[in-house]
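Both complexes below contain chain A, partnered by chain B and then by chain C.
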Partner chain A sequence: MKKAISMKKAISMKKAINMKKVQALKSPGFAKSGKALPFNLILIAAVCLGIFLALCVGKYPVSFSASLKIVFYNILGWQGDWDTMTENVVMGLRLPRVLSAVVIGASLSISGATYQGVFRNPLVSPDFLGVSAGACVGAAIAILLGFHSLAIQAFALAGGILAVALTTLLPRLLRSRSAIVLVLSGVIVGGAMGSIMGLLKYIADPTTQLPAITYWQMGSVANINFRSLAYVLAPMAVSMTVLLGLAWWINILSLGEKDAQALGANVAQLRGVTILCATVLTASSVSISGTIGWVGLVIPHLGRMLVGPDNRRLLPASALLGGLFLLFADTLGRTIAKTELPLSIITGLIGAPFYAWLLYKNHTRLS
Partner chain B sequence: MIYQVENISFAYPGSSRTIYRNCSFELKEGEILSILGPNGAGKSTLLNSLIGILKPQKGNIFLAGRNIRSLTEKEIARQIGYVQQSHNPVFAYTVLDFVLMGCASTKNLFSRPAKEDHARALHILEMFHIVHLADKPYIYLSGGEQQQAMIARAVIHQPKVLLFDEPTSHLDYGRQMITLRMIKKLAAEGYAVILTTHNPDHVLLLGGKVATMEYEGHFSIGGAGDIITEPRLAGIYQAQLHLLDIEELDRTACVPPKL
Partner chain C sequence: MKKIIIDLFSIILAISLAACGSSTSAPPAPPAPPASPVATEPAAATEPAAPQQPKAVTITDQAGRTVEVGDVETISVCWYMANDFVLAMGLGDKLASIGPHDDFQIMVLPGIPNLQTVGRGRPDMEKLAALNPDLFIHTVADKENIDAIERLGIPMIQIDPEDIDATLEAYHLVGKATGNEGRAIMLEEYYRNTVKIATDRIGNIPEDQRPTFVLLGGEKGKVADGSMMQSEMIINGGGINKAASIAAEEFWPEVGVEQVFEWNPDVIFISRQAKYTAEEILQDPVWADLAAVKNGRVYELPSKLHNWENPGMATCLGTVWSMMKLYPEQYSEEEMDKLASDFYKTVYNLDIERSALDK
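Showing the complex of A and B:
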């Protein structure tokens, strides 16, 4: 303990910090952050490879080299010698949905990891504040009013954001800053939205509108085109950038309100910004693809297993893993059967057993 | 003067019970203030007021000459290192990452710990003899190790005051003594130290200023010799306690009678 006597001086004396000695300690923090970058590079390479593989497979097979050529020639504006049919399949049909799957998977995963950190609960999914339920109501109203694609997207986005606004209104009315009140408020709003959804389905035309609503709820990236993706890309990019920038502060929020404040965090402001960004990511995703379950819940767990709980490493890793996972799920969904399977069915079929496996792997830690 | 507390009173909203009433004290660098009281007397509430989490309804708290009401969370945290009673993070952050979070008050939004902060954190862990735990998840440490990591986190940003909420309550006897010795050393190095405890003997061991809190919100402060008296202890704890001068140890001890 004697060494500790001169601690205050030593802390303030820069000379006392022997960098070489410190590095020789081979701290895990350095090691992990060193490992995280190559790990992310491997994931980026896997996502790129996955994108081109996904472009090849389907009812109309395209060779790997052809898909690669078509994409790069189109980006560079060059003319190729392939037939229009192949180009339409790759550029018109597959590329938008493949990119959408990656972007939506990444968004839902970052959003899930953020919510789990901010609410200190690894069981929280990105739609627990009522985003998905609200988006479903918005989309269902648009379908009942006879609107199509972009209008449905706009209604879903508005519905999702309105639901979260309602969720955050209740704690404000109660003048409570407690995270539990916010979560309970999310349960209330989600429940109410569920009932409204039931009513809308009940009054929907059973031959045209009801299947459209049900199909929308199951989630799909099949009908997404570059235009609809472009509308949500900017808010998604801004939200992702902000969350990646605040990753270390999400760690601090995850220590709990009191501890975070004692450490100097403006809890209300930080929580507000992170929830807003995570909500924009989820609402933007759901608005173009419909509800897609499991991704935002399971992927952050997988990320924590691979890179640890530090959000500086977890958020980028989750984004890449989520993109890869949804890309795989979508490719499987359109190739496994004669008719395409909705995304939520695939993500559920993979996600549920995978989550059970994660639970089995970590059961000692959890108990 | 680090702390200047003037006549503060606090009651939780909607509650008729005043937790503390007309509480005043001053604290300089290097001084120790032990807040003594039974469980539920409001010691933690007072600490939460001193770090600005709870706002007293009456009176003022000045931290390094500035009214705490006018300070941001960051400005308050810059001056204070806070060691909680117990801590259960949900996620398994490593000890190093946990200690680095103590730098938050020195960082802007969107910034994160730099290499120098990593170096300083490792240096402090080395001084606390827990550098071998840097890689271990904080949640898997023993109570004593967790507390050392928490003290390391509290001093990393070089604050002026250290606040300990029941620093010995979860520790075995040996660890209690280590912690009390460490608190004394930190005060000797110039930190102003405020701690809460329900053990009068620990207060006698530490010396310095002593404040007592009772259920009725009554707050008294003074030197250990003036405040720790048998009648007062009997009033606080509703139990008979004896103060014995032990010549061999050159100290006064507080002991209960035979059961």
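Showing the complex of A and C:
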């Protein structure tokens, strides 16, 4: 009984705090974007610079200046006097890889920031509703059926979206609109997908299919070409635009269900749309690159540290930071040694200590 | 019902054996003379089902363990590669269990689908104990289950077909353990003679005039380095592996497509693990300036039905086939057809045309 009362107290206190937050939200100071714009401009410049630099390094011997020349000549539509092989390496091999790294890093980060905002949980990453696990199952089925790259991509995309559909179906069956039930449902679906994955790996041909599945699970942008990138670019662009447009409403959602409702938000609808967009983003990314860890979890935190919690500034900043981070990780992975380092190893090696540092930093600020 | 009782009994037996295993495990046996591929008793192989005295042979397997094997009436395997070794040795009728298998193996031994399984790659201890085979053929890659299998008292030889010599030695080990040395000698002879077809035709071509190659793996950026059997197979066929110096710990190290471009080999081979086709590479405008693509010399390794690049007898066909692709003027497709038919008849007792292997 006592407990219930104190619970009520706590809730009402929290409400009061939240109301303050709402007021803060409405206050003009919060929406001030004067500082964010130059910061985003700096980030955009950094991403462009990063792309140029990444195009100029690699194992094929092309001098830095020659690569730069090839890139600029191609942008301007001029013809150069270099042999086509050199141009193919820079524009045919490096460019799709570099662009994929940026696009995927941006998608995973913006999707992670959205999930963290909607579920008001900093531990959430883009795959907690089961999207990555579902995509893995889809890809593994396609590999087992002997399909080739584009079909594997399509199956992965379908698998990821199907898994999230299952996750969101469960709370509906329970007639629950609580976010916690949805999270639990994600745990259930993710776990089930993990088991199915184990089963698929068990029945896979150990000499041909199993290495393919394992490789896919490791995540890589090494073999993405323009064609596979083109297939996912449209859904990615649409989802990203919708999320950026809804950024203010994600702020409202992050206040909590009741407050958001009080402010006139259709919580269920809003949550549905944002989750759908974030899921499409992650599933599209995963379908061409396999699962890449840490990006969607860590980058939004970095963004929050740099530009604050307002999603109108956080989402674009996260996207740019994520693109930059994955570009850096992949460029490092393909140039540092004779053989390529798997992407997830690098993102983990950088991401995990960085996450710890962020926690430390926030802790000292809080105390 | 009876089967269940027997199963139960063997499980209890297995448990009790396992329980007292630590006390009964034998002291390290005196080192036996290393298994020599040279036949010591060729007469034994030519007498087939002659009633023999149950006598044990002592064998040092490729994990360096010394094993005593008695009369072998039943052989058990749970590993894909081991299936092939038993089938090539003509011991299919002794199989009591089978590992993960493919259509080709069923073609060689139609009874395979009815055989028991005692695990996939790693043995299921209880099933293995229940089956209690006279010989268990296993991989050196398994290190966790070896003690447990030894405690069951099941004679086991571990094979390690990492290169061609080790592969041929594995046949001798299986031959020695089953009293089939003659068959192993025949297989080794057949293998070496087949490889000799290739080396004879290219023998006088100096190193610096031999075509270079890269063998691509599951992804376009993965290659076979010099330590892999697949590389040895094509080098025997007269190629120079551009990736030979990549000494990686793992199989199929990923060097990246750009590195392949930098190597620009004369011929590109594609492993059966690949998720892409030779056609795909030949059509890709980005690849168009590579020497191999320009000259249309991008080939998938054969064959769909039976893999010629996996450790086993078929790698000798792989050697001759790669010689044919590297030096088309030296060896004709018709000769290859003939050789393949002869190979399948001799090694697997199978009447099959080469054209049927790629359907």
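Just so it is clear, the second predicted complex is superposed on the first by the 322 of 367 C-alpha atoms of A that agree within 3 Å, B and C clash if a C-alpha of one lies under 4 Å from a C-alpha of the other, contacts with A are read in each partner's own complex, and residues count from 1 in each chain.
Methods note: a contact is a pair of C-beta atoms (placed from the backbone, for glycine too) under 8 Å apart; a residue touches a chain by one contact, two chains touch by 3 or more.
Small disclaimer: the values here were computed from a predicted structure and weren't measured.
In the superposition on chain A, A:Ala265 contacts chain B only, with no contact to chain C. When both complexes are overlaid on chain A, the residue A:Gly348 reaches neither chain B nor chain C.
Judged by the touch definition given at the top, the superposed model places A:Pro235 against neither chain B nor chain C. Judged by the touch definition given at the top, the superposed model places A:Gly194 against neither chain B nor chain C. Of the two partner chains, chain C is the only one that A:Pro206 touches; chain B does not reach it.
Number of chain A residues touched is higher for B, counting chain B against chain C. In the superposition on chain A, the residues of chain A contacted by chain B and by chain C do not overlap at all.
The touching residues of chain C, counted against chain A in their complex, run 80, 100, 102, 120-121, 218-221, 246, 248, 252-259, 261-262, 264, 272-273, 275-277, 285-290, 307, 310. Touching chain C in their complex are the following residues of chain A: 58-61, 83-85, 88-89, 92-94, 143, 148-149, 152, 202, 205-208, 211-212, 215, 220, 222-223, 225, 334, 338-340. Chain contact summary for the complex, chain A toward chain B: residues 1, 3-12, 16-19, 22, 25, 27-32, 117, 120-122, 245-249, 251-252, 254-256, 258-259, 261-267, 270, 304, 308-310, 312, 365. Across the complex, chain A is touched by residues 48, 51-53, 72-74, 76-78, 80, 82, 84, 87, 89-94, 96-97, 100-102, 104-105, 107, 109-110, 112-113, 116, 118-120, 122-124, 126-129, 131, 134-135, 155-156, 158, 178, 181-182, 185-186, 188-191 of chain B.
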